[in-house]
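What follows is a set of structures to go through.
Each of the next two complexes has chain A plus one other chain: chain B in the first, chain C in the second.
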Partner chain A sequence: MADSGGSEMSDFTATYSETATVESNSNHIGNGSVAYEKVDSEESLRNRRRLNGTAVNHRDEDLRKTTSSSQQNGLNFSKHNTSSGDKESFEEVSLISACLTYLGFYLLMVLGYINQLLFKPKVTKEENREGYVPLYNSFERFYMLYIYRRVRDCWNRPICSVPGAELTLKDRITPDYGWTFEFTGTQTRCLNLGSYNYLGFAAADGPCADDSAKMIEKRGLAYCSSRQELGTSFLHQDLEALTAKFLGTEDAIVFGMGFATNALNLPTLMSPGCLVLSDEKNHASIILGLRLSGATIKVFKHNNMKDLERVLRDALVYGQPKTGAPWKKMIICVEGVYSMEGSIVKLPEIVALKKKYKAYIYLDEAHSIGATGPHGRGIVDYYGLDPSDVDILMGTFTKSFGSAGGYIAGSKRLINFLRTNSHAHWYASSMSPPVAQQIFTSMSIILGLDGTNEGRRRIEQLARNTRYFRRRLAQIGVITYGHEDSPVIPLLVYLFSKIGAVVRTLTTRKIAVVGVGFPATPIMEGRIRFCLSAAHTKEQLDYALNVIDEISDKLGLKYSRKPRDPNPIEY
Partner chain B sequence: MLELIKKWMAYLYLHYELATCIYMFEPWERKLINGAVIVILALVTFSSFVYLPKYTETLLHFLTPVPPVGTGDIHIQHGSEKIVSIS
Partner chain C sequence: MIKSITDFINYWYFRYLMVTELYMVEKWERVTIHVIFLVIFLLFWYFNYSVLLSFTGRILGITPISSVLHAATTSKFSAAA
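So, the complex of A and B:
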């Protein structure tokens, strides 16, 4: 297992993590302000690298197949909150919008090529490079310059306030259709439906901000060293203990970067000769980690338990490629809430499969920790399962806790193994004190250690907001994807131009949202992604829903052919 | 009334723009595509006025059955003695 941790390997990973940090730093400086949608834009960039299987719509089938498979296997989940199909909203795209989407995309491509042929792009070009092959992928460059550039004003928008329930956008105009931007000097206060601020802990005041500010005075901004050297302090140890308590596991380990938690710990746990079963919609960090590990990766259809079992069984029967030797170990890699689909993993079924085939589960709770479950403890809590059923619980502090970093929780043996072998633990800079304090305070509030029921209130508020918003959207007649309890709500607009139109129109109506287009999603499934927060009030949501209702008439977003609920939705 | 028609036209044009992604294009590209669309539509209209009547006539001529000449054949259905049709 540890044989992949040779010196060459570790050097490479260390370099990688360095470049990653530099990249994200430069992004910060470039924007010149707090990064609203920076997370999202980075994510969409990462998702561009997502090569984990082609995206095909199987969900409709999936639901049917899953139910039949669980019946076949005689698995009984009656004591758990099972993942039944009717809680997932999904609708097939109509033929006409599919054709139009492709037509529009081809037009964009053709005109892009004509444009490229006729005009010199207004970007800097490397000179004195005769004989060199281009350093950057040419299609990606073409896509960025001639398709993405046209609606570039809808992404990477700079903000100048904390991204709470509301945020302040810095207005900018583009005189030359997206090549350059100029600030107008004005600002717009918008309702924020685009940040992963699920529990509303990203705030400029309140106990979290006060504690973090105090911690800066006390401990400074950084330890400037890795955990294995001088970077460990009582703060990290307390945070690890609290995380383990929060999740109900034996132990936990925290890292300063969420992406690296996946990308650098998966290679520690796996090596060539291991079998990984990965969901096709898994995040790019998981895919990168799996590739670095050198394990054999089998991809199964999104949230399709029957396909998972088929792939697992096939792989078990045939063994390792070429030799046919038995696998060293098998790991099922899934996410709790899928950030692009808004769907929730069918964990009870996966746990049953794990027990049947003696595989391990790696559960990435980046979007579900804090946001789902009656106690905010993620998917395991949501289904009422035992945390020890999931072998490796991974998650990030970036979303619900309003901070940065990631954790891995599990048995004492697992965490000790990671402490001795993980590259992220050995080489990455340790978590900054104010960042750690923000997590510590917010987690204490969720656990109710501060003596109030503020955490409970936030979790309930988020759950109510989510259900209300999803039901109202269904009533409006737009198509949404995902589970009814997931606070990530993708609204399907299909056409590439509609993403831009919706984001621009909503901005004029003082609502900030995130659009997700082709590289991150399949061509046909352009979408607007709403992320709800416990900080939103009913009035804010009502305002947003009324505006959405209005503009979906104007822009033609009411694709749904399902019957609508005629009764008013109760909050 | 005129206002309503104007609004309706603007709505239709917006949807045409969105459906074909013209919404995202620069003005000269819009003109190019709209020009191409107009040219195609004009050609289709022109040809349907000039050529379509003649073509339809010829087609109808080919499709319509030839009028009966001389003695007609008698078709008898197998298994029954009844005369079904005389053409």
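So, the complex of A and C:
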């Protein structure tokens, strides 16, 4: 892991290069042969060019610098991109598969239109609306009725147990291709690879559940009021203090809803005349918040620092549209772990850019808090950065803490500003006592305040599970996206049929997974998303991997054209 | 023997259905698409046979076998006469 050992961040460049060195070293250990081969081929290419008498151009010089040494100071993105590029992979599918995916999608569209023409859809119709434009007609509606509906049994599946390492699915059948469902009355116990239960705190027993149950007896279920009125209690204040301590910031503020934390606080912080640089894969809540704020939004390519700098520089040079006036402020909006791509933000580069261009950073750690970093403190901890480098740290309690809600952490001034201005703080009802208690107990365990090593054990277990599962999947030969340390693992299957077939087949083998398709991903990039947990044991993962190996042969999921590791992967 | 052949055909038919997304549609829709595929194939075949074949033959200088046969028969007749 790229931990620079908590070294002082005053001289950023030194720490930065150190981080890069550590990373590249670990890469060479990981897949040394591949990395060296690449260097060799570059070297030979250069030599060949010299032999041919071609002048060695400037780019070649750059290339040699980046491959030979990593002692340079300053910002050299190409270097870091290659070093973390080895850890992060976005393998492209072959042209023929892409063409077939498009062809299949057009076939489905054609069939959908034919079906719509011949039969009336079995949904409620708007009546007594003569002369009105239909309110609910759109492409999304057509998509829902004629593409999504056909494999609807693979989504929104009802469960009737706590979603821990295993869960109980309620079986259902559809007599009419997904228009309606009937419960059969039976249940299936499945291995759960679909919940964001990263640290395994979603459990029906244990200290978290006991404390929450006690809190219900003590404080009831809700305060029925907003934080600014009657909804604040010692619980919230303790939780905020603990969150600030956990993250290493001056202060923190908690909200009862994670989505609203983004959607309602971004408009508080930004206004028209501000510039926002938003990653193209940002979550819907961030996009909604940014749109509500009225700020100018510039989107940059996913995790592409060169593109970010280009967009940032262009926007800085040209100023506000029409007037050309300087921007009120600039904010870079990124997520820690991207939930659909499984990639990890390149935070050191973004911090360097922020310092260079004097922009602010808004970091959404919804999926990374608890799940990454040696202490479970998210991406800042993962890269060993100073929390004060990131101006606004946002995150949710829904995932790793097994609860609900969200927080924003940062400087005292920022949090005070939010306490007086945030709509979520003023108007949304405050966090329920048992929910707050669940977070409090789980966070105490992660911090080790309960006097045990349990938190540390869970973080390490998750990290091991993640590495193991990702490497085994790569060995199987399927395409997975993202960073090797991210516990969200998307397995690319591209086609809707394959999402359906994989989810159905895995259910028969007692494994519950989540398929993701349009509108959460681009239409052509359907995927199966595995979310690992510290609650999973090696045996459970082995079982799942063996089944995946078997079905990926049968269903044709082995799209990857990378060289595979012939040696058995150690846990 | 026969079973393995049918298994093989069934398996690859299933894979074909997956790739064309026909796996998840209703049966009558599957039939419709296959009829459309067949019609398109036949149209292409006819087009290739009637237009493209003589066109490429003229470009590459290949005489169609039918006209060769025709010429041979006519010349034989003329020789006999």
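The rule is simple: the second predicted complex is superposed on the first by the 489 of 571 C-alpha atoms of A that agree within 3 Å, B and C clash if a C-alpha of one lies under 4 Å from a C-alpha of the other, contacts with A are read in each partner's own complex, and residues count from 1 in each chain.
The rule we apply is simple: a residue touches a chain if its C-beta (ideal position, glycine included) is under 8 Å from a C-beta of that chain, and two chains touch if they have at least 3 such contacts.
Remember, predicted model here, so these are calculated numbers, not experimental data.
Partners chain B and chain C clash in the overlay (superposition on chain A).
Contacts of A:555 after superposition: both chain B and chain C are touched. Using the contact criterion defined above for the overlaid structures, shared-chain residue A:496 touches chain B and also reaches chain C.
Touch criterion met: A:107 reaches chain B and chain C at once.
Of the two partner chains placed by superposition, A:273 touches none, neither chain B nor chain C. Residues 100, 103-105, 107-108, 111, 115, 150-151, 177, 495-498, 500-501, 555-556 of chain A lie at the contact with chain B in one complex and at the contact with chain C in the other.
On chain C, the positions that touch chain A within their shared complex are 15, 17-26, 29, 32-33.
Chain contact summary for the complex, chain B toward chain A: residues 11, 14-15, 17-26, 29, 32-33. Every residue of chain A that touches chain B in the complex is listed here, in rising order: 100, 103-105, 107-108, 111, 115, 150-151, 177, 495-498, 500-501, 554-556. Within the complex formed with chain C, the residues of chain A that make contact are 100, 103-105, 107-108, 110-111, 114-115, 150-151, 177, 495-498, 500-501, 555-556.
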